[in-house]
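Please read the structure below before turning to the comments.
A, B, C, D, E, F, G and H label the chains in the order they appear, each numbered from 1.
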Amino acid sequence: MGRTEILIGGVGGQGVVLSGILLGTAASLYDGKQAVQTQSYSSELRGGSARAEVIISEQRVTDPEVRKADILILMAEDAVGRYLPKIKPGGLLVIDSDLVKGVKPGEYEILSVPATSIADKEMNNIVVANLIILGALLKKTGLLSIASMEKAIEVSVPQKAKALNLKAFQRGLELT
Amino acid sequence: MDEKRVCTGRYFMMGNVACAEGAMAAGCEFAAGYPITPATEVANHLAEKLPQVGGAFFQMEDEISSIAAVIGASWAGKKAMTVTSGPGISLMLENIGFAIGVETPCVIVNVQRGAPSTGMPTIGIQGDMVQAKHGSHGDYEIIALCPSSPQEMFEHTVIAFNYAEKYRTPVFLLSDAFVGHMREEVVIPEADKIKTIYRKIPELGTDPLKLKGFLDENVAPMPIFGKGFKAHVTSSCHDEYGKRNLIDISALDKFVRKLSDKILKHKEEITLVERDYEGAEVVLVSYGGVSRAAAEAVLQARKKGIAAGTLRLITVWPFPGEEIEKMARKAKHVIVLENNLGQIYPYIKAEAAHFSEVSFLPPKLVGEIQDPEDILKKIEEISK
Amino acid sequence: MSELVHPYHRFIRPTVTHSSFCPGCGDGTIAQSILRAIDGLDMDMDDFVFVSGIGCAAWIPSPLFNADVLHTTHGRPIAFAFGIKMGLTEKKVMVVSGDGDLVAIGGNHLIQNARRNIEMVVICSNNGIYGMTGGQAAPTTPMGVKTTTTPYGTFENVFEDISGLVIAAGASFVARWTTGHPRQLTASIKKAIQKKGFAFIEVISQCPVQFGRKMGVGNAVQMLEDYKNRSISIQEAKKLSKEELKGRIVVGELVDLDKPEMVEEVTRMRKKAMGGAEAAVDTGRS
Amino acid sequence: MATLRIYNELCKGAEECGICLYVCKEEVFQPSETMNQKGYRPPVIVNEDQCTQCENCMIFCPDLAIVVSEKKQKKGSQ
Amino acid sequence: MSELVHPYHRFIRPTVTHSSFCPGCGDGTIAQSILRAIDGLDMDMDDFVFVSGIGCAAWIPSPLFNADVLHTTHGRPIAFAFGIKMGLTEKKVMVVSGDGDLVAIGGNHLIQNARRNIEMVVICSNNGIYGMTGGQAAPTTPMGVKTTTTPYGTFENVFEDISGLVIAAGASFVARWTTGHPRQLTASIKKAIQKKGFAFIEVISQCPVQFGRKMGVGNAVQMLEDYKNRSISIQEAKKLSKEELKGRIVVGELVDLDKPEMVEEVTRMRKKAMGGAEAAVDTGRS
Amino acid sequence: MDEKRVCTGRYFMMGNVACAEGAMAAGCEFAAGYPITPATEVANHLAEKLPQVGGAFFQMEDEISSIAAVIGASWAGKKAMTVTSGPGISLMLENIGFAIGVETPCVIVNVQRGAPSTGMPTIGIQGDMVQAKHGSHGDYEIIALCPSSPQEMFEHTVIAFNYAEKYRTPVFLLSDAFVGHMREEVVIPEADKIKTIYRKIPELGTDPLKLKGFLDENVAPMPIFGKGFKAHVTSSCHDEYGKRNLIDISALDKFVRKLSDKILKHKEEITLVERDYEGAEVVLVSYGGVSRAAAEAVLQARKKGIAAGTLRLITVWPFPGEEIEKMARKAKHVIVLENNLGQIYPYIKAEAAHFSEVSFLPPKLVGEIQDPEDILKKIEEISK
Amino acid sequence: MATLRIYNELCKGAEECGICLYVCKEEVFQPSETMNQKGYRPPVIVNEDQCTQCENCMIFCPDLAIVVSEKKQKKGSQ
Amino acid sequence: MGRTEILIGGVGGQGVVLSGILLGTAASLYDGKQAVQTQSYSSELRGGSARAEVIISEQRVTDPEVRKADILILMAEDAVGRYLPKIKPGGLLVIDSDLVKGVKPGEYEILSVPATSIADKEMNNIVVANLIILGALLKKTGLLSIASMEKAIEVSVPQKAKALNLKAFQRGLELT
C-alpha cells in the first residue's frame, strides 16, 4: 500500500477533524507509517461544514492534498454533493446511514454505518458516531492496527471522554 | 537554552502548535495578538506555555495594539512575537513600518487565509506574499520565510527569531491555513541542539551622546530601554544617533537607504533555498505548501525521463534574485507555481526572463495547491 | 558670582538646543511640570521610559527628555507603552501626547488600558485642536468653532469630559488641570507616578498658534487668563448644577481608587502557571 | 548671588509668549527691543529687588528660560 | 385547516434556510426582538439599512434579514454605518454586532459616534466572549475565567459597564437587557429606532457553546436562569450600594436625553455654506 | 454637470487644491478623512467647497473609519472619496480590501511623503506604489493613476472618479508631496467639457432574488442601498448573488478571480500612458513627477543626437505590461526612473527583460527626483 | 385553527436548546426522540389546550421555530 | 531669459512659501510666463525650516526641481549651511542681513537687505520682511513686472493684510 488518501466530510460538531487526527496520529506515531492530516471548516461552530483529509503512506508524503480519495467518509447530507465527486473510481465510500441518504450507487464500494443511531441508543451520545465509523472502517480495511488507534485515542481525546470514545471505537469494530 | 522551553520529542503535531513550540525554543518571552482564524492555535498554545517560563501571551484590543505591544516589549529587551492572519496584518502595517524604521527585532507570524477581505478564513492561500514586503508605506526590506510543513513551522520560527535578533528587524513567517492546520510528524531536538541568537546591545555605561544606535548597515547594537542608554527612538526620519531630521532630503535618503542596505548587505546569509535542479531543463520555482506538489511532480517527471528540477524559496524576502538568476542561466524553462494569482511571479520573471522562458502555472482553484498531475502535464508540454 | 543654573536643564537631552514648540505653547509648561514632579520625588530620568505618539504634545518627551524615549505612531503610544511596561515592570512608564493622538485616533487604546488598569501614567495635553497638522478640529474642539476642516464651524458634539470617559473605562487615578495650574499639575503627576494603576491626567493647554490666534481666542496670555476664569475645583463643582457648570473647567483629582493592577495580576497568573501546569492541549504528544 | 536669570537664547519672546510678564505679580519683567539669534525678544529684568521668589515665572515658562534662586537656598545664604 | 405562519418569517431573506447560530444561542432571540420592534412600529425592512461587523452576532442581520445589509470588517460596522447614514439620511441605520466587535477592536468607533450623537441604532450582543473564533477572552469576560487564550484564568479587569462607557461618551439613548427580557428589549429597540440620536442597546446574551458549556456555566437554559436571577432594574438598582450590586445585571433604559443630533447639525451647516460662501482659500483664483 | 461644481478658469493653483477641484467637478458628494501632512489641503478645500453643493467633508476619528465611511456612503449611492498619505493608507488597507471585495466605487488620494513610518512628512517620494496594489491581504487588482502636475491633479481626479464608478472599484490617485504641494498653471474647462460617469444600478423593482449584484467581469450593476434591492453585501467570500460561502474552494476561486478579471478584462481601456519613443534606442520609463525630469533629459539627449525616448505610465495599476512589452520589443535599452528604491522596476523588468537591457537609475537622493543631467549621463553611457 | 406550530426543520433541538420548554409555564412542550434532517430533536406539543398563548415560547425561540396564534385573532375567531 | 531657478530658505513663520507663491503667481498669471513653485518645511509650526522653490521660464517648465539656483534668498542663519551649496556659480544671493550673518563671499553676487529691521521699525511687523526682500529683488533684477507682483499680492494675501504687504513690497522697491 503506497499512498492512501482519506477524505472526511460532515458538519461542525460531529468530530470530523478529530477522526482525521486519530487516523493520522495512529499511523504516524504508532503504526510506523507517515501521515499528513489537513482540514478546513466553515465559521459556524455548530452545523457548518467540516472537512478533514488524511494521507497515509509508507514513505514521506510529498504532495499533502487529497486529490482523489481512496476512502471517502460522509457524515452529513450536505457533504454528499460537495465531496462525492472527490472519490477515486473503485474507492470506498463510508457513510453514516442515519444522516446520509442521498447517495446513489456508483463506481465505489459503500460501507453503510448507522453510526448516529448506535451512538445515540447505545452510548447515549451522538457525538461519538465518528468513532463508530472509524472502528467499522478499520475493521473493513485493516488500514491501521487496532492497537495503534486505541493509543491514538488515549493521547488525543480529553481525559473524561476517553472511555466513551474507546467504547464507541470498539463498537464500530464489531460492525460489518 | 532553557530546557523547560524545548519539548524534545516526536509528535504528530499541528503546524500552528509547532510554530508556538518553535517560539518557545527560540526564547520568545512576550507575545501579543488578537484572535483570528486560522492563527488561533498559535496564540492558544503560547498562552499556555509562555507563562510557564515567566513569559506571557497578551490578548490585545486589536492587531494594531498587538504589534505595538510587541515592539514595545522588544525595546524593553524581550524576544517578542505576534501572530495573526491577513486581516490582522493589514491592520498592523503602519506599525510594522515603525518596527522597520526604528529597527526592532520581532517575529510576525501570518497564517494566511482565503482573501481578499474577510474571505474564507479556514482556507489557506499564499495571498499575502507581496504585502509582507510592500504593505507598509515607503521603501524597506524585510525578511520572510515560508514553511511547508509542521516540522518547518517549528524550525523556521526558530530561524525567524534568530534573524530578527541578528538583523534587528521584523521577520515574517508566512504560513497559511493549509500548513498551519496541517498535522504531521514533528521531531523536536534536544535543547542544546537548537541554536538561538540574541541581539547585540551597546556596552553598559556607554556615553549616550556617543551611542550610534541606528542606521548601521552592519546592524547597530540596540540601545534597549532600561539600561541607561537614554535612547531616543523615533518613527520620524533620524540619523544614526536617533536625532530627528524633518527637512534635509539627504537625511531622508540616508534613512531610507541604510535601513534597506542593512538587510541587502546580508542577503546571502539570510537567503535559504532548496536547490534540486542539477542538469534540469525545466525548473519549477515555488515556496511553502506548493513546493511539496512541485517536488512530487518533478519526481514523476524524472521517472518519465524529463530533465526537471525544483528551486524552492524558503526565504522569499529579501528577494533572492541572485538565486533565480543562477538557476535561470542554466534552465531552459522556468515554471513558477504559487497558490495565488502570481504574486512573486513578476519578481522571478524579472530576474529570469533574460535567460530562459518563464511561465506561471496558476492553481486550478485558488486555495488548492496545484495537482502534481497538472504540473506534470505542463512540464511535458513545455519540454516537447 | 556663579550664575544661577536652571535645575531642570539637567533633565534635557544635551543635543537639544531649544524646544520645538511655538512661543507661548502650553506644552512647554507641561514638560516642566513633569520634570518637577520627577525631581520632587527624587527620582532619576533613568527610572522612566517615556512614550509619545505624533503631534506637538508628543514632542514633549521627544527628544526633549534625557531618558529612554519611544516616539511612536499617531494614536498608539499607550499600546506601545503596554509592551514596554510588561517587559520592564520595575520602570515607570509615562505616556505624554495630545488630545487628537490619545482621544481621537487613539481612543480605543486609552479606554482599553484604563480598563486593564495597567500601571502607567498618561498625560494628555488637551489643546482642543490638531496643532501639528495645522489646526483641524479635534473631538475636543468646542462646537461651532471654525477650523481648517470646518470652515463653517464644527458641527459635531464634543467630548466634554475626556477624564470622565477614562473614569468610566476604569482608570484608578484621574486628574484634570490647566496649564494655569502648574503647581497642582506637578502634585498630581507625583501621585500618578506613585499610583499602582492606570493614572490619567488631562491638561487643558493653550495652543496660541492654531487655536488661540486663528480662532480669535487670543494669545498665550489671554488663553491662560481664560483658563483661570473658567476653572473651578471639583469640590466646588460638586455643589453646582450641570447648567451652572456650563463653560467651566472642572479641575482637581477626580478619581483615586484601588483596584487590581494588571502587572500584579499577570505575576499572579504566572505563578499559577509555573506552579502546576495543566495538561497540554492538542500537542499530540506521545 | 542673583535671584533671577533669563536664558535669552531659549526665550521665545515677550510679544509672542510673554507668560512670565503675565504671571509675575511683582512686575519684575518688561518687554525689550533686543532680539536674540532666533529673532525673538526676551523680556528684561527690571525690578529684581521686588522679586519674592514665588517662582511663578520659572514654573510657567514653557521654554525653561527662567530660573529663580530657591527661597530656601536664599535664606540659607543670607 | 390553514396552518399558522410565523409572522417574522416574512422578514427573513428567502434564500436562508436556517440561522447560522448554535442551538440555544441568544443571538436568535435578539434577532427576533429586532424584527418584532420593526413590525411593532409598522415599519418595513426597506426602511432600514443593517450593518454588522464580524462575529456570530454580526450574523444576526447577515444574511438573515431581508433588507439592505452591509456585513463589514471586524470592529468597524459603526464607521461604515456613519457613511451610510450620511448618504441616506432618511433611512434608519441599525448596527448589530458582538461585544468583541463593538467594544474590543471597535471601541473607538463606538465612543466617537456616541459622542457625535449621530442618529443610529447600535445593538450589542454581549456574550462575554469571542464566540466565532473559538472562545477567547473578551474585554467583557469576567476576571478569572479560563478561556482558550487564558488557560490560567483571565487576568485583566473587565469592562463592567459598557453601557456606562457609552453614556460617558455622549450617547443620547442607552438601554441594557438580557435575552431573558425579549419583550422589554423589543420595547427599547422601538424607542431606539425612533430616537433622534445615537441609541445603544446592550443585550447580555448566552453563548452556550463557547461560554456556557466550556466554562461550566451551563447550557442555554441554565444561562437564561442565571440572567433571570441576577437581573435588577435600574430603578431598583439605584437604591442599592455598589457592593450590593456586585454580580447583578442592571437592566432597563439607562439614559434617554435630548441633545444636538449630528445629521441635523450637518444639514444646518450645509445651509450656512450654501447661503453665503466665504472667500475661497488659496485657490490662487485670478 | 452642475456648474456650481466646476470653477472654470485659469489659475496658479496648488496640486492638492486642484485635486479637490477635480473631485468637485467629477461629482464627489461625500468625503471623509483624517488630517495628515502633506494631504491636508485637499481635505481643507473639500471641507469648504462640498457643503456649497450639498455634500460634506467629514473628519473622522482615524483613517480606518474614514475609508469605512466612504465605502458606506458609496453604498448609500454617493460618489465618495478619501485623502491621506502613507501612514493613513497603511491603516486603511483592511477596508480597502473590503471595498475591493464588495466592489465599491470610491477614490483614494494618497499624497505620498517621506517614509517608512512617520518619516519626513513634507517631502514627496513615490514610496507607496506597490502598497496600492498589494497592501491589503489577498490577491486583487486595483486602479492607480500618477499625476505629474497640478493640472493633472485636477484631470486625473476626474478620471479616477469615472473609473471608480465605471468599474465599481476603489481607484488610487498616487500623488506625492512634491506634486501635491506644487503650484503651476491650472486650466479648468467649462462644466460641459468635463465628462463624468455614474455607476450603473439595477433596474428599480428588480426582484431581489434574481439580482446578480457581484462578481461579474463586465461589472455588475451596483445594488445600492435604499432602493429596495435588499442587497446582501458581505466581506466574506460570496457568489454573484452576494450569498456567503465559507467552505467551497471553488467559490473562493471564483471570488478571487472574478474580482481580478473585472479589472484585467478592461485593462486596455483603463491604461493611460504617454508614448514618445518612436525610433528610440534608449527608452526612459517613469511616472509622476519623475517623468518631467525624464522628458527634460530626453530633450537634451535628442539635441545631442541620441535616439532616446520616454514611456510614461499614467496608469500604473493594473500594470500595463503589454505597453512595456510593446516598447521593449523596439528599444535596445530601457532605463527605469522612480523616486524610490525601485518599486515598479521589477514589474517593468519582468515584461521587458526578454527583449532589451533593463536598468534602474535610482534618484541620487531619495526624495529628490533625478536630475536631468544625471539621466543624460546615464543615457550617454548606455548608448556608447 | 391550531394554537401552536413548531417548524421542525428550523428547530435546533430540545436537548441543546430547549428554551421553549424552559419558558413555557404551562408545560405545553416535551422533548421527543424524533430527529429532524439536521440531526436535532425538536420538542413536541403535548398540552396544546393548556396553552395560554402567552407567546413566551415564540418570543424566546432563537430560531423562529415556533409560532403561536395571536390572542386577538383567536378571540375573534371563536 | 530661458529658465530662472529661485530658491528661498528660512524658518517657519517668515512667509518663505508665500514669497514663492507670489513670484509664481505674478509670473504665471500676470507676466505671461510659465512658472512652477514647490515647497517643503519641517513640522514645527514656528521656527522650523522652510523652503520654497520657484522656476520661471518663457516656455513650459519641464523639470520642476531647482537644480542650481540662479537666485538664492536666505532668510535665516540655519538656512545658510543647508542651501548655500545650491547656488549657481555667478548667481545672486539675497539675504536678510538682520538674521543671516554667516555668509562668506563666494562665486555669487550678494544683495544684502536689512528686511527684518525695516519691517520691524517701519511696518511694526517683522512678518513682512519677505515682501521687502521681494521688492528689493525685483528692483535689482527686473525678473517680473512690478504691476504683476502687485496683482499677485492682491489675490494671494488675506484681505486685511493686503495693504501692509503691498507697503512692504513697495518699500523693498526703494532699496538698493
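Methods note: a residue touches a chain if its C-beta (ideal position, glycine included) is under 8 Å from a C-beta of that chain, and two chains touch if they have at least 3 such contacts.
All values reported here derive from a predicted model rather than from experimental measurement.
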Which chains does chain D share as contact partners with chain H? C
Under the touch criterion given at the top, what is the topological distance in steps from chain E to chain G? 1
Which chain has its C-alpha centre farthest away from the C-alpha centre of chain A? D
Distance-wise, how many Å sit between the C-alpha centres of chain B and chain D, to the nearest whole number? 57
Between chain C and chain D, centroid-to-centroid distance (C-alpha), Å: 27
Centre distance in Å when chain A and chain E are each reduced to the mean of their C-alpha atoms: 41
List the centre-to-centre spacing of chain A and chain B in whole Å, with centres computed as mean CA coordinates. 35
Spell out, as numbers or ranges, the residues of chain A touching 2 or more other chains. 21, 25, 29, 40-44, 46-48
Listing for chain F: what residues touch at least two other chains? 10-12, 37, 44, 48, 51, 61-62, 64, 87, 94, 98, 102, 117-118, 121-123, 183, 234-236, 246-247, 368
Among the residues of chain D, which are close enough to touch at least two other chains? 16, 38
Interface residues, chain E side, partner chain F - complex: 13-15, 45-46, 49, 51, 54, 62-63, 66-73, 76, 79-88, 91, 108-109, 112, 266, 269-270, 272-274, 277-278, 280-286
Which residues, counting only chain H, touch chain D once they are in their complex? 46-47, 76-77, 98-99, 116, 126
Partner chain H, residues of chain C touching it in the complex: 18, 20-23, 56, 131-132, 134, 209-210
Going by the contact rule at the top, pick out the chain G residues touching chain E in the complex. 1-2, 4-5, 7, 9-10, 12-13, 16-19, 21-23, 38, 40, 58-64, 66-69
Chain G to chain A touching residues, read off their complex: 12, 16, 35, 37-39
